[in-house]
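The next part holds the structures, each set out as C-alpha cells.
Shared between the two complexes below is chain A, which has chain B as its partner in the first and chain C in the second.
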Partner chain A sequence: MVDQKMLVEVAKETLAREDVKYIIGYKKGSYGFQTSAAFAYTPKDVEEFIFTPLCNKNLAKYPLKEEKLPLKRGEEEDKRKIGLVVKGCDSRAIVQIIQENGMKREDVVLIGIPCPGVINQKEIEKRFPNQSEITDINEINDEYVFTVEGKEHKIPKQELLAEVCKTCEYPNPVLYDVMIGEEVEVNPKAEYEGIKDLEEAPLENRWEYWEEQFQRCIRCYACREACPLCYCSTCMADLLEPQWIRRSVNLSENTAWNIMRAFHLAGRCISCGACENACPMDIPLMELNKKLGKEVKEMFEYTPGLDIDAKPLLGSFNPDDPEEFIK
Partner chain B sequence: MEDFEPNIIGFLCNWCSYAGADLAGTSRIQYSHNVKIIRVMCSGRVNPMFVINALQQGADGVLIGGCHPGDCHYQHGNYLARRRISVMKKLLEFMGINPERIKMTWVSAAEGRKFAEVVDEVTAEIRKLGPNTKIRRKNEW
Partner chain C sequence: MESLVISKENFPEIINTIIKSYRLFAPTEENGFSGFNIIKDYSEMDLSYLNSRMPPKAILFNQTETLFLMKPGAKGSIKPKEIRNEKTAIFAIRPCDAKGFRILDPVFLGNYVDPLYKANRDNSVLIGLSCNQPDSSCFCTSFGDSPASGKYVDILFTDIEEKYLVEVMTEKGKGFVNDFSRFFSPASPNQIEAKNAKEEEAIKLIKRNLKVEGIEEKMDKMFDHPIWEEYAKKCIGCGTCTYLCPTCHCFDMQDESTLDKGARVRTWDACMFPEYTMHASGHNPRPARMHRVRNRFYHKYSYYPKNSGVIACTGCGRCIRYCPVNIDIIELMNRVSEMEL
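Right, the complex of A and B next:
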C-alpha cells in the first residue's frame, strides 16, 4: 500500500517549490468506484490527494491538454512546471511523450508511485452495479477489502486486478523526481498469453471475431481521448480535407478507424489500458496494442517508453530490418 | 475465380519504380494490366492509411514500389516505408485481413523487366486470393 500521508506531504513540498504551478493527482470521485483527477493549486487542495487501487486513470495526458490562452501585451508566459503523480505506466507515457518532443523534461515534476496494480473498473462495476455511494478500497494481504451497502467484502486481488496489471513489467516509475515508498517487486509473467489463442486461430476466425467487435464500435473516440499518447492537436480522424475515414458508423469505417488507432500506437503504446477502460462498448483494444507491442519487440527489439533519448520506432530504421516480404 | 480480374493499386516511387515501369513500357514488355499506378515522390510518402483507403475503396491488392535499399533519392525513405509496411502487415494479419494483399517491391529505374515480372507475379497471387470483401466500403445511404 502507498502511504497516503507521505503522498500528501511530498505533494505539499513539491507545491511549495517556486517553480511549480500546480500538481495533478487523484482524489475521490463523486460516486461509486470512481476516482477523478485533482488539480491542486494550494496546500489545502493537496489534502484531498489519495492513491488507492481505484486510481486506474492515466494522468499523463493532462499537462499536454492545458489550455494556453493568447498573452496580453507585456504579459509573460508562465513557464513554471506542472507536478504530476505517476504510476509505472504513467511515467512510461511521459517518457514516450518527451521522447517525441511532445513536452520537455523540465516542464514536469514527477511524483513517482510504485504501483501495486489497479482495479479493473469494468469488472467491479459488473459485480456491484449502480453504486451511488463513494466506496473506498483497501488492499490488505492480496485481498481487496471494501464495504458496499453496509456489507464488508473481501475479494482476492487476482480476481479484480486489471488485465494490463497482471502482466505489468514496469510497476515502478521509470522516470521520477521524488519516489514515494519502496519499489514494488516485479512479477514477471508471460506478457502475451492473452492474445495467444487468437493468434493461433485461422485467418477467417480472427476476422469473424474482430468483425463482431468492430461492428459494435460507435466511434465515440473515447479510446483516443483517454490514451495518453493520442495527443495530436488535430487527429487524422477529424480531418475533412483529406477525409481519411468517413464519419458514417459502419463496419468498413470502424475497421479503418481501429486499424488507424492501433497502427498509430505501434511502438508507442505503453500498455496502460486506458483505451480499453474508456471504451463504452467493451471492445478489447488492448489485444491489438499488445499484438503490435509483441511484434515490435520481436522484429525490432524495441520497447517503448523506457529511454527519453531513444529514437521513435517508426521514425528510425536499421538497414538490417526484416524484409522477407519484399519481392 | 478464373475470370476474376483483380484491381491492384500501385504506389510507385518517382525516382526508381516509376521510372522502372516507364522503362517496361518504352521497352514494350507485355505485362498484366491490373496494376493502376499512382506516382508518389518516395515510398516513404506512402502513409499506411493510403493502403487501407485503397482496400476500402475497392482495391483487391496494393503494390508499393521503392528504390533498392541504399538507393533512395531521399537517403532513407524506403527504409522507413519498409518498417511501416511490415508493422501494418502484422496488424492486418492479426485482424484477419490477409496481409498478402499488400505487396512491396524494390525496383530500380533500370529494371523494366523485373517490374513486369513482379506485376505478373503479384497479379497472379491476388487473383488466387479472390476479391477483397472484408473492409470494402459499401456506398449505401
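Right, the complex of A and C next:
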C-alpha cells in the first residue's frame, strides 16, 4: 500500500516549489467506487490527495489538455511546471510524449508511485451496482477489502484487477522526480497472454469478431480523449478537408476509425488501458493495441515509453534494415 | 386512465402477437449490456436490465439519418428520403427515457416540424416498464417524477410479481390495448395497491437527489463563476455524456458522396467537441473546454427551461455512470444550488 501521508507531504513540498504552478493527483470521487482527478493549487487542496486501488485513471492526459487561452494585454504566460502523480503506466506515457517532442522533461515534475495494480472500474461497478456511498478500498494480502452497506467484503485481487495490470511489466515509474515508497515486484506473467485466443482464431472469425465490436461504436471518441498518447492538435478524424472518416456512424466508418486509431498507436501505446476503461460501449480496444504492440516488439525490438532519449519507433530509420523494399 | 392486468403466463404470447403487426423494440442483452433492438421472438427480450446503455432516443432520432440521396453533375438529381410509416412499439422503455421524448418534442415538433422525427413519433407506441430496481446514479425523483411514472408513456407495465399491472395512459395506448384486449383483464384494487407499494419501494432505493429548486435563477448569476473552469479541467472532452443522454439532441449535417452518388446525412453531434461551434471563418465562439462544459449544463438547466418550460434532464444517470472522469451532474448542480452568491 502506498503511504498516503507521505504522498500528501511530498505533494506539499512539490507545490511549495517556486517553479510549480499546480499538481494533478487523485482524490475521492463523487459516489461509490469512483475516484477523480484533483487539481491542487494550495496546500489545502493537496490534503485531498489519495492513492488507492481505485485510482485507475491515467493522469498523464492532463498536462497536454491544459488550454492556453489568448493572453490579455500585459499578461504573461505562466511557464511554471505542472506536478503530476504517476503510476508506472502514466510515467511511460510521459516518457513517450517527451520522446515525441510533445512536451519537455522540464515541463513536468513527477511524483512517482510504485503501483501494485488498480481495480477494473467496470467490473466492480457491475458487482455492486447500488453503491452510492463513497467507498474506500484497501489491498491487504492479495485481497481487496471494503465495506458495502455495512457488510465487509474481501475479494481476491485477481478477480477485480484491471486486465492491463495483470500483465503489466512496468508497475514502477520509469521516470520520476520523487518516488513514494519502495518499488513493487514485477509481475512475471507474459504480457500478451490476453490476445492468444484471438491470435489463434481463423481469419474470418477474427474479422467477424471485430465487426461485431465496431458495429456498436458510437464514435464519442472517449477512447481518443482518454488516451494520453492521442494528443494531436487536430485529429484526422475531425478533419473536414479532406474528410478521411465520414461522420456517418456505421460499420464501415467505425471500422476505419478504430483501425486508424490502432495504427496510430502502434509503437506508442504504453498499455495503460485508459481507452478501454473510457469506452461506454465496452469495445475491447486493448486487444487491438496489444496485438500491434506485440508486432512492434517482435519485429523491431522496441518498447515504447521507457527512455526519453530513445527515438520514437516511427521516427527512426536503420540503414541496415533487413527489409528489401526499404533499400 | 384504465388499469388492467396481464398474467405472466400470457406475457410471451402477447409479445409474439404484437410482433406480428408491429416493429417491436425491446431490451436485449448483447456483449454484457442492454440495448433496444427489434425482436422477432419473445425469447430475445431480456427484462433483467436496469436500463439500456444507449437511450431509446436513438430509435426515433437515429444517430445517423439520411435526409436525401443525390447524384452530382450536370444531370444530377435529388431523391428525398422516403418517410416510412412503420407501426412501431417500444416495449419496456423506462419512465425517464420516455420523458426524454417529451423533452425532444419541442425541438423537433415545435416551430419547425422535423418530418422524420414526427413520422417516427406518430407511429410509435411507448410501452413503459416501471423501474423496480433503480441504481446508485438514478435521480428521476429530483424532478418530481417517479421510477413508476406513467406520465410520458402510452401504456405502463409494472411487475407486481405474478402479474403485470397495465396502466393505459393515452388514447393511443387505449387503441393499442383494445387491439390485444383478449390478453388483459381489469385490475383489482389489491393489484393497483401492489403497484403503489412497488413504486414506493423503488423510490426508496433512489438515494441521490439533485436540488432543482431555484437553480435556473441561480445560474442566471453564475455565468462567470469559477466552478465551470473547475469541472472543465477534469473534463477530457469526449461525447459520452451527450451521446448517452436521452435529451441531448444536437446534430450535424454532412454531404457524403463519391464521384457518382451521394447523400446528405444528419448525425448526432456533441457540444463537447471543439468542432461543434467552429465557424467557417475559423472563429470559435466556445474556444475552451470551459465554455463547452458550461454550455452543456446551462443548456440543460437554464436555457432549455427558459425556452421550453422543462429542465432538459430526466435523471436517468447515464452521464454519471459512464463519464470516464467522474464528472457528476448531481454533485455539480447541488454545489450550484447551495452556492452563496
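One rule holds in what follows: the second predicted complex is superposed on the first by the 317 of 327 C-alpha atoms of A that agree within 3 Å, B and C clash if a C-alpha of one lies under 4 Å from a C-alpha of the other, contacts with A are read in each partner's own complex, and residues count from 1 in each chain.
The working rule: a residue touches a chain if its C-beta (ideal position, glycine included) is under 8 Å from a C-beta of that chain, and two chains touch if they have at least 3 such contacts.
Computed from a predicted structure; not experimentally measured.
Of the two partner chains placed by superposition, only chain C is touched by A:Leu69; chain B is not. Contacts of A:Pro280 after superposition on the shared chain: chain C is touched, whereas chain B is not.
In the overlay built on the shared chain, the residue A:Ser132 is in contact with chain C alone; chain B does not reach it.
Contacts of A:Ala222 after superposition: chain C is touched, whereas chain B is not reached. When the two structures are aligned on the shared chain, A:Asn250 is found in touch with chain B and with chain C. In the overlay built on the shared chain, the residue A:Glu208 is in contact with chain B alone; chain C does not reach it. Touch criterion met: A:Tyr31 reaches chain C, while chain B stays clear of it. Shared contact residues on chain A (touching chain B in one structure, chain C in the other): 246, 250.
Considering their complex, residues 195, 198-199, 203-211, 236, 244, 246, 250-253, 255-256, 259-260, 262-263, 266-267, 288, 291-292, 295-296, 299-300, 313-315, 317-319, 321-323, 325-327 of chain A touch chain B. On chain B, the positions that touch chain A within their shared complex are 48-49, 52-53, 56, 69-70, 76, 79-80, 82-99, 103-106, 118, 121-122, 134-138.
For chain A in complex with chain C, the residues that touch the partner chain are 29-32, 34-37, 39, 57, 61-62, 65, 67, 69, 125, 129-132, 212, 216, 218-222, 224-226, 238, 246-250, 274, 277-278, 280-282. Residues 30-33, 35, 50, 53-54, 63-64, 135-137, 205, 207-208, 230, 233-234, 236-240, 242-244, 252, 254, 256, 265, 267-268, 270, 273-275, 287-290, 320-322, 324-326, 328, 330-331 of chain C are the ones that touch chain A when the two sit in their complex.
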